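Chain naming follows the written order as A, B, C and D, and within any one chain the residues start at number 1.
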Amino acid sequence: ISGGEETSTNTKGKIAIVYDVGGRGDLSFNDMAYLGASKAAKDFNLQLVELQSNTEDDYTKNLETLAQQGDYLVIIAVGFMMTDAVKKVAAEYPNQKFAIIDGFDPDMPKNVMMILFKENEGSALAGALAALIAANSGKDKVGIVLGMEIPVLYKFEGGYRFGVKWAEDYYKQKTGKDVSIDVLYQYTGTFNDPAKGYQAAKAQLDQGAWVIYQVAGGTGVGVFNAVDEYLSSHKQKMGPPFAIGVDSAQDWIKPGAIIASMMKRVDVGVYTAVKDAVEGNFEGGVLELGLKEGGVGLSTVDDVMAMFNSLPEDTQKQKLKELGFNSKDELKQYLENTRKQVPDWIWTAVDDLKGKIINGEINVPKAFNKDEITAIRNAKTWQEMMKLGE
Amino acid sequence: MDFGSVVSILINSLMAMVPIVLTSVGAVWSERAGVVSIGYEGVLLMSAFFGAIVAEITGHATMGLIGGMVTGIVLGMLHGVLTVYLKGDHVIPGIGINLLALGVVPFGLIAYWGTAGQHQVAVTLWSLETQYGRLSPMVLVTIIVALVTWWVLFRTPLGLRVRAVGENPEAADALGINVEKYRFWSTVYGHALAGLGGAYMSVAWLGVVQKTMSAGRGFIALANMVFSGWNPLVALIGGWLFGFFDALAAWLAPFHLIPGQFILMLPYVMTLIIVAGIIGKARPPKWDGRPYKRE
Amino acid sequence: MEETPILEMKGIVKVYPDGTRALRGVDLTVYKGEILGLLGENGAGKTTLMKILFGMLHPTAGKIYVRGKETRFKSPADALANGIGMVHQHFTLVEVFDALHNIILGMEGSGLFSKIDVETARKKLQKLMEDLNFKVPLDVPVEELPVGVQQRIEILKMLFRDVDVLILDEPTAVLTPIEVEELFAVLKKLKAEGKTIIFISHKLNEVMELTDRVTVIRKGEVIGTVKTSEATPQLLARMMVGRDVVLRIQKPPAKAGEPILEVKNLWVRGDRGEDAVKGLNFQVRAGEIFGIAGVEGNGQTELIEAITGLRKPEKGEVILNGRNITGRPPRELYDAGMAHIPEDRTHMGLILDMTVTENAILGLQWREEFQRWKGTIDWGKAKEHTRKLIEQFEISAPGVDAPVKSLSGGNQQKLIVAREVSKQPILIIAAQPTRGVDVASTEYIRNYLIRLRTEGKAVLLVSADLDEVIQLSDRMGVIYEGEFMGVVRPEEVNTEEIGMMMGGIRYEELKK
Amino acid sequence: MKSSKSDALRLLNFKAFIESIIAILVGFLIGAVVLIVFGYNPVDTYYWLFKGALGSTSGIAATLAYSTPIMLTALTFAISARTGIFNIGAEGSFYFGAIAAVIFTNVWGNMWFGLAMGMLLGALWALPAAFLKVYRGVHEVISTIMLNWIAFFFVLWLVVGPYANPNDPNKTIRIPQSARLPLIGNTDLSIAAPIAIIVAILVYYLLWHTTFGFGMRASGLNQKAARYGGVNPKSAIIWSFIIGGITSGLGGAMKVMGEPPTYAISQGMANIYGLGFDGIGVSLVGRNHPLGIILSAMFFGMLRAGTPLMQAGARVPLEIIKVIQGIIVITVAIPGLYDLIKKSIEGREA
């Protein structure tokens, strides 16, 4: 008796993916991992087995169960929280290939590919975009709403702050005007209470934040709603003010209110791992994806449309109806118009920063712990921050 | 704190109080009749989910609210049958309903909308757009529900009987009052209000269904019910106070006067202080949570 | 005079869900305008029968005829609609409501959602109370009222509903003699108005005084019905118990010894902060029964609670066997040789959801004899002890592991007495020891108290049953508003004098 | 005499036990219907579920490991319930037990010290609710819900700030090797599991075989009578909170000291969150009886341990198992299930 048997006859093998407790629907790395894995499964004709985790205690058990079955090309663990579990299980099953998203351990066994992202780099772009939009509107505050305070989020916050400071400098050089942009930030203490995100974003808007970057999983959905509500109560269809999405190209959720998203291409990472495994090129060790590798970046309209296309047909139709569009093209057009609310020079400036980061001229600091983020928070200039990163 | 912020915090707290107050008021009524339920967390979640479905199917947010109430009614009937007619334990079904919701909603999201975890609701309730934020008519509805519930409970024959049934069902029974009927429908009413509160979250307040969106509000509402001394009017005030401290905490957070975690504690610490310092003893209805059997 | 009976029950059988056969085919006939007494030992099935008549219970078999017509009551609502009302053995009052709301409950006289019409109800009630000279305060939460008043509210509830047939299940158990007199006056007036009354009591003299006919039930069967005018208490007792009962207590002369309990200038506050006990002084000596008589609510409860460590006195001293025990916790007092039969059997004396064994060692759980090693209970020994008590005191219980709530009231009370005596105390405090207990058990308990006193123990007896105090006590104090109106030997005074003292006249004044 | 049989019955109210079993069966049955409705094969699903939970040493080890913390938090609820208190503060004490273990084993790397400090802090955190109840009359439902949240944010602050792991941002500093609970045989199961079972038996012994426990149960059923019986209900209540805090605190400490591979509190407290609440359901299904709780915790542990294979083998989503759990718990609430079924069986025989 096996539920999977009949389908596996016409596939070339199996891959498995273990989600962390956030699970599918976090609009974030779990969803992105699914995207990459399902694409790979389709492209290479594989069967995809998904395991959800109820709590953190399930990680080891989930991985072990899969490894015991022994017939997976590669087992993908999504999320840093699985690091210890992967390390342990991989050591017990040296012939099983694993990939872990966001997880790093210096002593990780050789059969594990550790896929890491430079969220700080992508967040720097978000920060620059936010600060320039604010400065351009004569405002002096931008915001960031985060989930529970966990050090992983410091990378986002640090990068965002770096981008803001860099933008102050850029703006001064471009216009000759001094600006000082404050970053309102708050950790909402939860990844799954949209109401908390909504209230946090409202408070920040009240206090003058002009662009709000959300790094809060399910809580972040509330941030979009708060911005959207601000717009409609000011009889505006499009921002500014804006929200910035995270992890996946979230712009389609509230077109007009979301200017862009800081994408973390977990899908690319997962796809790469599967591809390598299928083609026999799988190697353990670190695979770090930054701006240069296309592992992070600000979403383009095409990215958003690709994300939108990955939704089930019905969902797409319904969403279009809800937004009042007759076709996907209209949505696309709308997204493009949204972006036109921001002057071209700002987009150019962000591209400029991106180029400098890619060519190594600028090094975005990475905050791993409280001391590091505190240092970044206290730094006066981006140059000072960069020194911290070294 | 300028005027705008004050108004904004006020509006926020009013919007945030709705699910808590509705649930508390419903729970007050149900417990006044002697039926305890701790399943409101699950009721909120499931009615947020089913309310959204109904809203989208019918295209009317009000229908969604009614859908939420119906969800509450069905769950209330389940609870009522188990506790009132079958004379079962009052606590266990609630635990079960909470667990059930944690399975039904994430599973239902995938099954119905094809999106895991969350769904943006297409049809939401009209609300008053102000410069300081949106104000839902449900705030008014909530206040009216609390007032009317209070009036009926303390001023009318119906309320008198409900209270009698919760204080001493034997006394009520001996006067020809159908204890089971009153208890059962009180339970249903309680859960129906919670259902309304849940649907409000998805089709009015937040415009989203998220797999854990009740986020402890069902339990907060129970605490608020005890806080109120089983009085719908005090529950209204208590729910608003909680919403106020919640909104205040969100507003204070960006100032980082103390570590963020301590700001997040604010509503809970304040509740505890108010209860310990001012309210103190609350006396539940005497037969609260006890099945009534004639033989 | 073959009129149609207003009520007729035929072949009523009742088997409770747990299998108890409470009634085994009872026939009962009630005529309009009579007062029918219903007698029977604890557990005979009186309450069950009446609850069936009132629609609260459904008979397993049998038929009920009301005014000649076969009727089935689904619930009390049907019975009330047929003009049958019942005052229950245990109070059925909503304690936080006032009398008015308790009375109008279910008959508020307006639509479910309209405002309660309090004023009309109040007028009707006031007239009713005036007519019968039967008054209660209408606006005080009933929990703050003395039991006697609560009992009146129960009766008013039914009269407010204009019932033709009034069932009273042991209404006098908690009343003082004066209150009983008043109640009887009202009942006679009601009878004169043509109402029919079914009256349940364990007190034979009451039945003799009030009723027209008496039906006696034993173990779920009717033993017989007699005209009261043709009956004697001895006859009724024999019918109830199935053997001769000694109705007068045989009391050997007292040989009072050393004072065991001394109460000195004791002041105790009541629940509402009032001075409930005002500077009482008395002694109870070894080998005597000291009785306290008085209308309930005159500080007896507070006095006993203060002596037994359940309430802190304001002032004064309590000395047990020469040791100052003022304000010490109960456990210490038990160790010092005190035993306490509390007035509130079901709420204080027993834990109804616990087993017979667990209840049998309540308050003795620390005793060496029940310990396996220090702090742990040897249930084997506890059960052994319980079996002995059951045997010695002739308690009828399904078993030592049965929940104590499955015992009948009389047997519950016997269990308490047994437990307290097994503490081997030097002082026994007995509060209302025979309230609601049937004749045979009453006889047993009273004789036992005498025996203990004759063996040299000190007994402090508090009872609202004046006969009981007079019969048992060697000396008695009559309490009124927390003070003794006099401490006398029962044989020195007559009932009338005691009654006046209970009403607040001092003995010295009486003798003037 | 006849006492031996009745003793056995008392040990674990036999009828209640059968009723729970029936409830579980009915729950599975209804769950099967749900599965069929959504196009899954119930036989297949349950096969993989039980295979995963009981089909291998590692499955059984996982079952026991999952059951350990919820057994201890269930005891917290049960002890209070027996004393007449609705204590849902296990969650908070659990957090404090866990953080205490992290902090103090890093001061002195001794296992017993870690466990002791976990129990101590768990008990201390239970005290505010106890005192508020006894001296201010604050209903324990309010105070424990509020205190749980306060504990959550407070411990979160410790986890993110002072006790964050400088080398690994994903968790707190680890329990030192010397203070970790030994593992049993060749499995990942630590001695936490047998310790929890022993604690449950001790609690049973305490409640039913000591004068102290007798007093607690007496106050739980009838405070007035308990007082009359020489028991001080106030102190019984306070002690029930304390002992409950101890079991949950121990649970929290053992969670981090005895579960490979983490040996720390994860960020967001992901590995210690929610176990206190789960304990309530476990306790209720176990009829608030320590011995019932041992079985009920193992049952819940089994459901958890079986889900990975159920997901992988039968391709059934995790949420289904929660639906089934919910249904089982609701079914447990149906009283007289036993009588009902007994009657129908007897009816057939007659």
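Convention: a contact is a pair of C-beta atoms (placed from the backbone, for glycine too) under 8 Å apart; a residue touches a chain by one contact, two chains touch by 3 or more.
Note that the structure is predicted; figures quoted are calculated from it, not measured.
Simply put, of A-D and C-D, more C-beta pairs touch at A-D. Using CA-based centroids throughout, the chain positioned farthest away from subunit B is C. In whole angstrom, the spacing between the mean C-alpha positions of subunit A and subunit B is 35. The centroid of the Cα atoms in subunit B and the matching centroid in subunit C are 45 Å apart. Residues of subunit A in contact with at least two other chains: 149, 189. In subunit B, the residues that reach two or more other chains under the touch definition are 106, 110, 261, 264. In subunit D, 153, 156, 160-161, 317, 319 are the positions where the chain touches two or more neighbouring chains simultaneously.
Applying the touch criterion to all chain pairs gives A-B, A-D, B-C, B-D, C-D.
Taken together, the subunit D residues at the contact with subunit C in this complex read 3, 6-7, 10, 205, 209-212, 214-215, 217-218, 221-222, 224-232. Those residues of subunit A that touch subunit B in the complex are listed here as 22-27, 31, 143, 149, 184-190, 192-196, 198-200, 202-204, 206-207, 218, 221-222, 225, 229-230, 232-234, 253-254, 311-312, 314-315, 318-319, 321-322. Against subunit B, in their complex, subunit C makes its touches with residues 16-17, 54, 56-57, 75-81, 86, 88, 90, 92-97, 101-102, 104-108, 110-116, 157.
The touching residues of subunit B, counted against subunit C in their complex, run 152, 155-158, 160-161, 163-164, 167-168, 170-178, 286, 294-295. Residues 4-5, 8, 12, 16, 56, 106, 109-110, 113-118, 120, 122-123, 129-134, 201, 205-208, 210-213, 215, 246-247, 250-251, 253-254, 256, 260-261, 264 of subunit B touch subunit A in their complex.
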